[in-house]
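Please read the structure below before turning to the comments.
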């Protein structure tokens, strides 16, 4: 089913649309404000490695980075991008470069502003905190997989007075982003955001496909709940038994 | 405790306090400690990886002549092509090997553990004798199912949220907010535990680490005074 | 600046000092508040109680020194409990910087590690296994090939207790002391679901809420952070286990109170300012 | 090698590797399972070499800072000294004991452990200041979050039940019911998202992990 929706979207048979995602529209506002203040923007795509099951979050972050970089190039605002995973660095650099080219300002692109700080979690974190204080960032955008460093970043952003837009699918970190940031993308919203911004048929098709899978989960839970409250566990047996032998 | 151990504890205490000096402000002592940490971290993962490669592949290869193990070593040695602009594509061979295996395995397991098993747990038979705080009490079972469904509705993206869908996704939002509150509370708990752990080490009356606490206080006080003096002159 | 503005702008350094005092005081002079019990800890304890002598229990150290204050006491307690039940303990770890804790825990719980007379018959240290989830799947399939040598460099095949332990099918229980990725979900996918092994976990409190949804069918019990470890220690008193976590739990209480007070103070300032503006 | 092969080789490897292990997860064919078991051992060893990249990257950055005497060059010197010192000790001077060597353990326990746990424990301070300054009852939702957090904080420390005995069971209920529901919904959603991403990676529709220009 996921394959089918992916296929239909890629072939242009049906173009799925994504509902409005609040935090995303705020990115323009944040970059704009940084421009007015003459202070830089900081972006991080999180600390998830690409080859893991949290890798998609990093990729979603990179889609957002492309959008942020385009805005920064348009407004001629400095954009710092910090990286924890070594192999993400060239990727991010290429995305930022292309965004600057697209915005017609390739000469403003500076490779040294996409920096690999360290592949150790807290060393990276303290590097980011240091950078935010030193550069006095006015907008701090964090989209990707975050773990314990989320609070450090949000706090540092707060101390420099930055507008903060954050999003992650790491459930234990979302509360800090909700509590301390101006806008927060919850969980999978970041994956949808990536698709929404890039308008990439592959990503859109993927979101569409997972929506169907969720609908199926909802139906099974609905029917299963009624059955189980009536004392019938036939559906439960089906799911936990004969499917796996 | 011999001298060696004693020095070790003092060193650990000194570095602990160097890191905490950050709370006065970012300073040289903190940056020094941080750099040492980065170096050690990379070194440690390399040493322990070397041990693994040695035990698993190199030892059987060199002592037993088990030729199979030459393959992963060769593939692994392609990673440094990361630094070559011209031959960067070679770096993609080990990466695709590791990523393909990792993602495939993750996908296979996710479908079972995080999808089907989770749904199954939601619709398992309730336990009529369960207490009100247990998740298997019938009313709680129903609440969990409703909350889960609401949360799933919140994460449906390709349909504009209005009408009944909006209400369902509101149920999801509220459920998640309570859950996030719990997560916040637990995280506070975790962070406090970490601080407690460090202070247990620093203030242990049977150890020597606490000797350095007054030293650090004096140093920071001296720095504060010196900087005040500077401020008056300018 | 009005009083309410000030109330919202207290220097963070003042808060830091207060926190330091509140945490340090009970450590120096414990109050001894009674430790309550949570259903998760009881479930954990009951599951370990069901272990019979000779059952194979895998204990995995999936944390780094950073979360050691919470998870090292869990590690020690669970090892002591398993050994009191006569389990054969296979210790390993998927976090590079957590692996050295296995040796330390053996020394703290059993007195010695590889020089202990029971090393190799009752407990073994297989050290670090790379590659996270793939490594977990590997030990499930063939633990001998995945870990050809133990932490100290002796061949695994020559270790007496490892003769009958080939992979996931031989595990009776897996206990993962986990604080991130790889951790609980990976273990569930590769070992619990695949081989039907009973799975227990001790997590850092941060991960506790996200682990809860797997209870009871996938995870049989959870030690939640330092509180979980302290409760577990209380349950282990009957085995003569001497816990050390009562004073830290006092510190925990007071630090929580401090956080709550600060939340309330901050919000009082916030609400009054908002109300004042509306006027 | 031709450009076409260069481009498609990694995609083919990813696809085959992925299918190999997915099949293995659900099929019980002894020879096939054995093959995949060997494949995983192969990948485990190969993946261990990835640390080289971090090593070289850090060496390059800090050697440059050191030779150019940039601000804070002595920190770079300390970093390189720590990095190579521990490496040389662990790999070459430990007599094949690696991390089990007692001198190695000494440095690990007295430098690495305190540094890692102290840097991590700084979060305790941040959480106090952030709770105070950022955690506001801005909306009804934020208020619910706040109340739930306060109950849990009290309920899971000895002081809560000492003040009000019922707070323990209430905390247990929050954990067992709304928390489980919310987290479960999120987990199911995320699992599907990752699954769909996995499908795209295996089909070569998502190539970010291969680096620029893939």
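Here are a few things to note about the model shown:
First chain written, first letter: the chains are A, B, C and D, and each begins at residue 1.
The criterion applied here is as follows: contacts are C-beta pairs under 8 Å (C-beta built on N, C-alpha and C of every residue); 3 or more make two chains touch, one makes a residue touch a chain.
Treat the numbers as computed from the prediction; the structure is a model and nothing was measured.
The minimum number of touch steps separating chain B from chain D is 1.
The busiest chain interface, judged by C-beta pairs in contact, is B-D. Relative to chain B, the most remote chain by averaged C-alpha coordinates is A. Rounded to whole angstrom units, the spacing between the C-alpha centres of chain A and chain B is 18. Centre-to-centre separation between chain C and chain D, using Cα means, comes to 17 Å. With each centre defined as the average position of its C-alpha atoms, the distance from chain B to chain C rounds to 13 Å.
For chain C, residues touching at least two other chains, in rising order: 16, 19, 23, 39, 66-69, 97, 99, 127-134, 137, 145-146, 153, 193, 205-206, 208-210, 213, 217, 224-225, 227, 252, 255-256, 259.
Residue positions 21, 25, 38, 40-41, 43-44, 47-48, 53-54, 58, 96, 98-99, 108-109, 112-113, 116-117, 119-127, 129, 131, 133, 135-136, 142, 145-146, 149-150, 153, 156-157, 172, 175-176, 179-180, 183-184, 186-190, 192, 194-195, 198-199, 209, 211, 213 of chain D each touch two or more of the other chains. Touching two or more other chains at once are residues 50-53, 55, 86-87, 118-119, 122-123, 126, 148, 151, 171-172, 175-176, 178-179, 187-188, 207, 214, 217, 240, 244 of chain A. On the side of chain D, the complex with chain C involves touching residues 21, 25, 33, 36-38, 40-41, 43-44, 47-48, 96-100, 105, 108-109, 112-113, 116-117, 119-121, 124-125, 127-129, 131-133, 135-137, 146, 149-150, 153-154, 156-162, 168, 171-172, 175-176, 179-180, 183-184, 187. On the chain B side of its complex with chain C, the touching residues are 23-24, 41, 44-45, 48-49, 51-52, 55-56, 59-60, 98, 101-102, 105-106, 108-110, 112-114, 117-118, 120-121, 124, 133-136, 179, 182-183, 186-190, 192-200, 203, 205. Of all residues in chain C, those touching chain B in their complex are 13, 16, 19-20, 23-24, 27-28, 39, 66-70, 96-97, 99, 127-134, 137, 145-149, 153, 185-186, 188-190, 192-193, 204-206, 208-210, 213-218, 224-227, 248, 251-252, 255-256, 259. Here chain B touches chain D in the complex through residues 4, 8-9, 11-13, 15-16, 19-20, 22-23, 31-54, 56-57, 68-69, 71-73, 75-77, 79-80, 82-83, 88-89, 91-101, 103-111, 114-115, 118-119, 121-122, 132-135, 140, 143-152, 154-155, 172-189, 191-192, 194-195, 197-198, 201, going by the rule given at the top. Residues 66, 132-133, 180-181, 193, 206-207, 209-210, 217 of chain C are the ones touching chain A in the complex.
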